[in-house]
């Protein structure tokens, strides 16, 4: 049984790590930290987890924590995570970081959209935690930058097409729709029930920080500069991201062949479900699970290929994928503890 | 006071016509029909309207109805509306039809997506009821084909750009998101609360019947063949359509100039609100009203122009626009009875 | 045209006053105040009202405001409203206060549940603004304490039974269910979309401050001490309060007679709709309107009488009722400006 | 590994049995039946379960099914279940029936609210499947009538008080609020998203068929005739039942003693969480789990005791409890396969 710390455990991502790990046969959460809630028992902050264990939130005293655990998830705000990882990594334990701090290869790109990276040498040692693309590198690393929620849906949707240079890399449109849990658990006017319910809007049009993350990864996959237009929307639902991705085939667009590309890449992937012709994913069908559901539409006349992916932003888009990565880091079977079916309705 | 009939008044569109007309100073609803509910008082079918009048649903006996009213809204299913219009128009009263039966200029296009049109000569006499584009023709007509809900948001979003040949007409993407009332009031598994709530999906990808309607109109506006990719999504909310429209500037894309085009076309339009730079519409801000809110984003580097429009699908997308059209047909001030502000939250 | 000020206009209640007054033929809003938002145009704080007028939020400078308006709505937090009313009332303009500050006859009760009342002499001059019960007194007053949202639904539900001493006054149970807008527009963890959606809970069990307000009024109506058990619940919806009220008949319980009592009291009331036998109200049927819908169930065997009332908490439970009161104060027809039908769905 | 049949597997309850059993180490679903969907693979009817197994819906051919399984869940409509149980029980396999057909001890009560019971001798052999009350009898039986969703929340809330004769048994009020999944997966106008969302209403006031079920059980527990007033409400959420139960203490009402009664009865129960003083349950905190959360409020002055319980209607109110019962019937640990934490948000 591996002893686990969750640094920054009081947000929705932390809660989800705790929920899923409650059923993991090889990981045992021993430390949960929260400056705001230190001293409070778990069930007071997350009433749904009342009764699962007797954990109490503590302050993040890294030198002490290092000695008590075999691995750590860090789920702090951007910038704070760098510090946590830097402190914890000295004991050489595997770390999955759920902030943006270890998602970029290029420190300048990180700096342009977040802040100057205080530990760029650690950046160089970290790996982007999307197992479907970077599985082997993840296994060999100690620091994994867990992908953003939007990037997960977008990259998995585009990986086969761009790897096979099947689409024009310069003009990709990603119209993404997210549930509200992606905005976190902080008090806020803009995510009040009354401001969100029964409405729908785009936000950060042309300026969301997940766009450069997606572009850096897709460019790596395509081995050429990929340009995207990324428009996120906020949907009145708790969980889920649907990404409707518009591409143009670089050659002829044969629906059968496009589908075959996806089969080739994904049929052995345990968390990817390629839906049949004419069936398109619904976020409700992946809720609570680590699945990515994919639907395809190819129009030979216009050479338009539409790829639609659905994930649970808190699971495959955050905590579930983090555990998938940690399974790789700790040499567990990759699917351990994250095979529970979606919950519907 | 003009005496009004609503043919097919028991759906959400019929209810919305009744709701809005309850406050219209120049129209008095005298006849409401419904085969299913004939004999029932209004308040039994629409409990929210209990107490507003003593109307009782009746069977659609057109020869009798013709003599009792000065104008009619027809809100029957596609095909049934043609017959109703054909019967009513013999008395030369103005008619606004809310089905798809009079939205097409080309009977072949209608036939390809709906059915063979039984009265094509009436089609030739009808006008597409989007006042912001076809105001004068509407005033001069007797039969108005009220636009579909998706087409309303899409066409108003694209009209200035295409009129000014400012964008490439061949590659327009319309990613549309609709509330559930657009699916009507019939019992159905797919629109049960439990199937819709907390989820999101695209439907009729590449095959929605509003696509040819949009294309026919946009081609007319652009004076050239316009090709669109149209993807509708179903959102867990009652009302509202958000259309996120992706275009590519045909020349350079100067944000200031693009905005000026919209100002020129729309600043005098009573129901269009062009939002300031950096503000994007939310369907919650137009709920219950006849407004179209428009947000613009122009990226000079990629020449990408994103236009986002929000409407209430039951108001500007159906009943409100129908009344706007009827105001024109009956020589009322165009805004009469449809100026109530949106209701939020 | 009466010139109107809304003091504290940036909350949901303020927005609702502005929405409804936009269609009022006799009141013209000239002043809106907000310390937080002073200097901002209306449409920036309430995007749904963009385009309705050119009002700008200003600081509450009462001596100046007094001279600019004929009447005022005060919608400040409890305690702050007292001061506003005290300042404004010196110019003898009619005031409807939407806080709790003028809802109590007994300053000690107010003190026990809110704070020591700084202007008890004004309390003595104020009237409880429930027109269905206190219409004549309201007409004769200058300061109206607009009822709380829960009390409105509860008192209107119980007024006929208690006036007629038809039920045991000592053991009344009010199980109330409210939409989230009742919690206001302040940033807050507990009313985030994610905390509210898809869940349901009771709150302030045995300790909600609307209980003493209800008890004081009901005791006044019943001319004896009335004791209630009041349990509010928070429902995942924006608007609406459903009050399920359990009473025990003091004598025999004849369904027909109980219904007749309600008819006698309410058949002439313009905003009360007594639903037929077997029909029970839904908050969706009163949304956006000033209606109170009432359903009745009487079981002769157990002498249990269940009264269920539905209101829109922001309209009949706040802004609509405030305008109803102001109509009385300014000698308008009581229903002026508040007759728009509910909006459904 | 026990081989399991689910008779009538295409409703929400069937889907939930399949979801939970996917993780059960000792039960293997081999047969799923549905007349409507026979021949379809599981993933077509329940897209969220795509990929979990290769089950195909089949027609309910009981003689054949009997030989293929070790135990059966029957989840057919009332009346149809009797027949299924009668056919299956001949092979002496344990059966948990999720309809109302085996919930009543008294065939006359069943007849009064459902229909004449065609196999009353089987009724006599069945046990009411509420393990917290009837655990030993369940273990010894072959046919378990799984409790209704409302009765589960109500009876668990009242069991300690009535067992201890701590409250007046004649005047108990149960104000219950349910999510929409309780209404099933059939096409229906009244449970459309648009009819349910943003609204709230009571239904079947004074006439819901769960009332006699609750009364029969509570009378058995209290060893005297218990009379309840039961009012169900429909809430715009998928899952969950909150029961707000109003009782009057038969003697003095000491909050500490009342709480101690609950501790005595429930502290060893694995699925009951007694919340601390001042904390009241939310259905969101039990979503997807088999928990019953209980909050208590006792007012010594009025002797009013309020008990609030929250369950997931599809889990503890249906499929989870059925598996709990089946664990008892098959001699598994009672909690096997149903310990996953709630999912929040």
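Odds and ends about this structure:
Read from first to last, the chains carry the letters A, B, C and D; within each, the first residue is number 1.
Throughout what follows, a contact is a pair of C-beta atoms (placed from the backbone, for glycine too) under 8 Å apart; a residue touches a chain by one contact, two chains touch by 3 or more.
These numbers were taken from a predicted model, which means no experiment stands behind them.
Of all residue numbers that take part in the contact between subunit C and subunit D, over half occur on both sides, making this a same-residue interface.
Distance from subunit D peaks, on a Cα-centroid basis, for B.
The centroid of the Cα atoms in subunit C and the matching centroid in subunit D are 39 Å apart.
For this pair, subunit B with subunit D, the centres built from the Cα atoms lie 46 Å apart. Here the CA centre of subunit B is 36 Å from the CA centre of subunit C. The residues of subunit C that reach two or more other chains are 12, 181, 194-195, 197-198, 236-239, 282, 284-285, 287, 345, listed in rising order.
Residue ranges on subunit A touching subunit C, taken from their complex, read 12, 180-181, 185-189, 191-198, 236-238. By the touch rule above, subunit A contacts subunit D in their complex via residues 12, 15, 18-19, 22-23, 46-52, 181, 197-198, 238-239, 273, 275, 279, 282, 284-289, 339-345.
Here subunit A touches subunit B in the complex through residues 171, 173, 175, 177, 179, 194-195, 197-203, 205-206, 227, 229, 231, 233, 235-240, 242, 244, 246, 248, 280-285, 287, 295, 297, 299, 302, 304, 306, 308, 310, 345, going by the rule given at the top.
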